[in-house]
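Once you scroll down, you'll see the structures, which are given as C-alpha cells.
Two complexes are shown next, each including chain A; its partner changes from chain B in the first to chain C in the second.
Then we have the complex of A and B:
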C-alpha cells in the first residue's frame, strides 16, 4: 500500500484538484487494498468495480476540466443500509440477500453529486441492531486495532464495517447511521471521527429503516475537517423525507478551527458512572483540561433523566423497528421460504431471514406496542424522551456544548459480549441521549488506553448547532494531537 | 316510539335494530395519500405503483396536500368540527396486499370530529344521523385468488390510495335508514367533489355494525348519553358494496341475531362477511381472533397541523350543498319538498333544472325535468350527462308552453322531435305549424260546423253537460290538437249556454 491511502480526505481532494493524483489511480489502489484486507477484516459486503472505476473516470474528467465538487474523486465506503442503485443492499441481513435497489438514497446521491466515488458497501450489525458488528449475516467485522491485546477485537457497531475500513485506510471517508450510538461508538473504538447531525439534517430516504425517529445518517472521517466536509455534502432538505429539516445548511467546514475561546462547556455529572473504567474517566478529565486551556469555561451541569435514557431507548427503538421490519415478508423482494399456508410462509421466511438479535428486538417491540402494555411501556418511554429533551434544553441555558466520553470502554474482543444482550446494550449508555433528543453529537479520538486502543470523547450541542460541535471537536483534535494508526497486520 | 320505528317480530316478542356504519370513501385526487402514483380506476395490474406503495426498503411517505383539503372539505360539508391538529398512526398487521405490513391511518387524533347528516326515508320523512369522526387512511392493494388454483396474485394499484373513513354514531335504526344514510352521504360527497361515490368501482364501501335490542332499550341508550350497556352485542359486516346489499345484509344479520337470542344463545362480537349470492352473513373472525393492531404514531410523518386560514379558505369555496339547495328550490321556486328532493339528489340534475328554470315557470320546469326528461332517460338507461336534449332546448320548450304558443300536449310532440332530431323548439313549432290556435274566430267556425253536423250529440250536452268533452275532443282532432284547450272550452260553454 502506498502512502496515498493514508492521506486524509481534505489532503487527497487537494491533490486531486492539483492533478497530482487521479481518481482512477486512487480508486484502483483503494480497491486492491480493500480486497486484500477483506479476508482479515471482513469489513465489506459488496464491490462493484465497474461502477467504481466509471465514477472515478468521470471525476477525473471533471477535474481535468477544472470542475468538480468538494469531494471530487475521493473513494468512499457506504454502510450497507444505504440504497445504492444497482448494488447489493442487504442491511447485512439474509432476508434482503440479493436485493439490488433501482434507486439511490438521497444521502449517497448527494455524496456522488459532491464528487464522491463509490468504493464498496460495508458490513454492519444486521439492520443496524448491535454494538459490535457481530450480528452481520456475513460474520463479524474485525477492528484493525489490536493494541497489546490477544485475538481480534470488534470495531463496535452497528456501523463497524465503515469504521474498520476507514481506520485501516481503505477509503477516505465512509457513511454510517446512528440510532443509539452506531456511528460514535465505532468511531471511538477505531480512532476515527464519527458524526451525526441534528435529526432531520440528513435525509432518511433510501436508507433501510431501523427506528425512524432515532435514525441519523452521518459520516466517518479521518479528521474533524474530513467529517465536516462529508456531513456538509450529506446534509440538506429532502422533500421526500417528511422529517427532513427545511433549514439552510451552515458552513460546517468553516467552523473547523474556529476559536473556542469563551465557549461554555458543560460536564454532566450523571455521566460519571460508578462502574466507569478509570481510563475513561481520565481521558474525559483530560478533555476538560484541553478545552479549559483553549479558553473555554467549564460548567458543571445536570442531565437528571440520563439514567432512564437507555431503558426508554430500548423500548422506542424496538417498537419502531418491529413495525419498520414488517415489510420483510418475503412477498416482493429478498428471500422467501415456502410454507403450507400464508402464516407459515411468513413464519418460515422471517425465522430464516432474520438473525437472533433482530428477532429479539422485533419481539420486544411487538410486546411493548401490544394492547394493555402500550401505556406502560411505549407511552412512558415517550414521556422519558420529552424529559431528556428538557434536560438538554435546561443544560443549554448554562453551556454551549457538552463533553462526555463516547463509550464506556475501548474496543472489546469478538465474542466477549455477544451472549449477554444487556451488557451489549450498555455500550450505548453515553450516546442514546443525543438520539432521543435529536441533537448533534460527534466522537473525536482523544488518546490511547493502556492497551494501546483508541478512546473517543463525545461533543453534544444544541439542535441545529453543528458548527459549535465541529469547533469544539477540532479543538480536542488539536490538543490531543492524535495521529496513531493501527499497526498493519492484515 | 315514532311511526318509523322498525320492528322485527320474533317468537318472544318485538325486537329493534341499532346500526352504525363505517363508510370508506375513496378521495378524489390525482395522486395517492402518501405517494405521487396515479389513482385512476381500471389500470393494468401493478402499473400505478411507486416505490413507496410497494414499500421498498428505505421508502418514506409524504402527505398529499390535496387529500388533506378534500378531507377538510368533506368535514365542513357535514358541518363537522375540523381538528387543526391531527396525527397519523400505524395500524400493524400482515397481509400480502399490505406491503408495508401496516396501514397508515388516524387512530387517536382524526382530522375531522363530530358532525351530523340529515337523511330522508323513502316516504319523505327525515332523520338525523350523528357523525362520530372522519379520518384519512391508506387503502390496501387487491388480492386476486381466482386466477390460479395454487397462488394468490396481488395488484398494488390501489395500495396507498387515500380513503376517508366516515364513522357514524349508532343512531341508524333500520336497513332502510342505513341505505338512506349512505345515499345522502354519497350525494354530499359528490356535491363536494371529494368522492366519486361509485360503489361498483369500490369508491364507496361500508362496514355495517348491527345489534338488536328490545323496544325501549335504544331510548335508554340515548338518554344515558350513549350508554352502550343498554344495547346488544354488535357484529360488524365488512366491506358491503351496494345499497341493496347494505339493506339485505343488515336485515339478515338482525334476524340471525334475534334467532340466536330467542333460542337462549348469546351474540359473539365478531367480524362477518356478506355473501351477496346466498344473501347470508358468515363469520370472518371472532373477537378472540381479532388483530392487535399495535397502533402507534407513525414516526415517518409529522403531526398534521392546519391553520384557521387554510380551513376558512376551503369553507369559502364550498358549493351550495343539497340541503340548502332543496330549501331554496322550495322557498324560491315554490316546488314541493318531493320535487325539490328529487332534483337535488344529484348535483348535475339540479344544475340542469336550474338552467331550464332560469327566467321560466319553475314548477312547470320541474315537471318537465322530473317527469318527461328523467322518465325518458331512465327508460333508455341514460344518465343526465347523456341527454340528447339540452337544458337550453328544454327551457325554450317550457317557455313556449308558458306563453301559450303551444299546448302541453303539443309540447310532448315537440319533445319527441327534440329527442330524436334535435333543433330549436320555436323553429320546430313554426316550421311544422304546431302553433296553438288561440284565434277564437277560427275555433268558433269549427265548433259551429261540428254542432251543425252532430245535432244529437249537441242535444245530449244540454241534458248531460259532462258529455261536452266529446266536442272538445272533436275540435282538437279537427284542428290537429293545435287549438287552445281553454278557448275551446270557453266557446263551447257559451254555445251550449252552460
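Then we have the complex of A and C:
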C-alpha cells in the first residue's frame, strides 16, 4: 500500500483537483487494499468493481475539465443499510440476502452528486441492532487496532465495518447510521471521527429503517474537517422524508478551526459513572483542560434524567423496529421460506431470516406495543424523552456545548460481551441521550489508553447548531494532536 | 410485570416468528431481565408532559396531490422471491 491511502479526505481532494493523482488510480489502490484486508478485517459485504471504476473515470473527466464537487474522485465506503442502486444491500441480514435496490438512497445520491466514488458496502450489526458488529450475518468485523492486547477486538457497532475500513485507511470516508450511538461508539473504538447531525438534517429515504424517530445517517471521517465535508454533502431537505428538516444547511467546513474562545462548555455530573474506568475519567478531564486552555469557560451542568435514557431507548427502539420490520414477510422482496399455509410461510420466513438479537428486539417491541401496554411503555417512554430534551434545553441556558466521554470503555474483545444483552446495551450509555433528544453529537479521538487503544470524547450541541460542535471538535483535535494509527497486521 | 413461557409463545405468534421452541426458557429470562430494567421509568414524573415528537418543530409538509412516481412494474418486481406475468406470486390466502 502506498501512502496515498493514508491521506485525509481534504488532502486527497486537493491532490485530485491539482491533478497530482487520478481518481481511477486511487480507486484501484483502495479496491486492492480493501480486498487484501477483507480476510482479516471482514469489514465489507459487497464490491462492484465496474461501478467503482466507472464512477472514478467520470470523476477524472470532470476534474480534467476543471469541474467537480467538494468530494470529487474520493472513494467512500457505504454502510450496508443504505440502498445503492444495483449493489447488494442486506442490512447484514439473511432475510435480505440477494436484495439489489432499483433505487438510490438520498444520502448516497447526495454523496455521488458531490463527487464521491462508491468503493464498497460495509458490514454492520444486523439491522443496526448491536454495539459490536457481532450480529452481522457475515460474522464479526475485526478492529484494525489491537494495541497491546491479544486476540481480535471489535470495532464497535453497529457501523463497525465503516469504522474499521476507515481506520485501516481503506477509504477516505464512510457512512454510518446512529440510532443509539452506532456511529460515535465505533468512532471512539477505532480512532476516527464520527458524527450525527440534528435529527432530520440527513434524509432517511432509502436507508433500511430500524427506529425511525431515532435513526440519524451520518459520516465517519479521518479528521474533523473530513467529517464536516461529508456531513455537508449528506445534509439537506428531502421531500421524500417527511421528517427531513426544511432548514438551510450551514457551512460546516467553515466552522472547523473557528476560535472557541469564550464558549461555555458544560460538564454533566451524571455522566461520571461510579464504575467508570479511571482512564475514561482521565481523558475526559484532559479534554476539559484542553478546552479551558483554548479559552472556553467550563460550567458544571446537570442532566438529571440521564439514567432513564437507556431504558427509554429500549422501549422506543424495539417498538419502532417491530413495526418497521413487519415488512419482511417474504412476499415482495427478500428470502421466503416455505410453510403449510400463509401464516407459517410468514413465521418460517421471519424465524429463519432474522438473527437472535433482531428477534429478541422485535419481540420486546411487539410486547410493549401489544394491547393494554402501549400507554404503560411506549407512551411513557416518549414522555421521558421529552424530559431528556428538557434536560438539554435547561443545560443550554448555561452552556453552548457539552463535553463527555464517547463510550464507557475502549474496544473490547470479540465474544466477551455477547452473553448478556443489557451489558451490551450499556455501551450506548453516553451516546443514547443525543438520539432521544435529536441533538447533534460527535466523537473525536482524544488519546490512547494504557493498552494502546483509542478513546474518544463526545461533543453535544443544541439542535441545528452543528457549527459549534465542529468548532469544539476541531479544538479537541488540535489539542489532542491524535495521529496514532493501528500497526498494520492485516 | 413478568412474562411467562406462554407469553413468549404469544408474543412470537403476534410478531409472526415461528415459535423458538429451543429458546423459550432463554427468552423468558432475557425478556424479563430487560422488562425489569425498563421498569425504572416508572420513577419519572411524566404528569402533564407531552410525548416527544421532534427536537425542531416544523409544519408537517404536504405535497401536491399529483402522480409523481410509477410505471416501474419491473423494478418493483425485480426483488420478488416469486413473480409471474407481471404479478407477485404468493401462497394461497383465501380458501
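Just so it is clear, the second predicted complex is superposed on the first by the 490 of 490 C-alpha atoms of A that agree within 3 Å, B and C clash if a C-alpha of one lies under 4 Å from a C-alpha of the other, contacts with A are read in each partner's own complex, and residues count from 1 in each chain.
Everything below uses one rule, namely that a contact is a pair of C-beta atoms (placed from the backbone, for glycine too) under 8 Å apart; a residue touches a chain by one contact, two chains touch by 3 or more.
None of the values given here were measured: they were computed from a predicted structure.
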Partner chain(s) touched by A:28 [first = chain B, second = chain C, both, neither]: neither
Partner chain(s) touched by A:204 [first = chain B, second = chain C, both, neither]: first
Which superposed partner A:105 touches (first chain B, second chain C, both, neither): first
Contacts of A:83 with chain B and chain C, given as first, second, both or neither: first
First (chain B), second (chain C), both or neither touched by A:91: first
Residue contacts with chain A in the superposition, chain B compared against chain C: C
First, second, both or neither for A:346, with chain B first and chain C second: both
Partner chain in contact with A:323 - chain B first, chain C second, else both or neither: first
Partner chain in contact with A:374 - chain B first, chain C second, else both or neither: first
Chain A residues contacted in one complex by chain B, in the other by chain C: 99, 101-103, 213, 239, 242-243, 322, 326, 329, 331-333, 342, 346, 366, 370
In the complex with chain A, residue positions of chain B that touch it: 51, 54-63, 90, 92, 94, 96, 99-102, 154, 292, 294-296, 299-302
Complex contact set, residues of chain A against chain B: 82-83, 89, 91, 96, 99, 101-103, 105, 204-209, 211-213, 239-243, 319-320, 322-323, 325-327, 329, 331-333, 342, 346, 366, 369-371, 374, 378
Chain C partner contacts - residues on chain A that touch it in the complex: 98-103, 198-200, 213, 239, 242-243, 245-247, 305, 307-308, 311-312, 314-315, 322, 326, 329-336, 339, 341-348, 350-351, 354, 356, 359-360, 362-364, 366-367, 370, 377, 379-389, 421-422, 436-439, 463-464
Residues of chain C defined as touching chain A within the complex: 3, 7-8, 11-12, 14-20, 23, 27, 30-31, 33-35, 37-38, 40-44, 46, 49-56, 58, 60-61, 63, 72, 75-76, 78-82, 88, 90-93
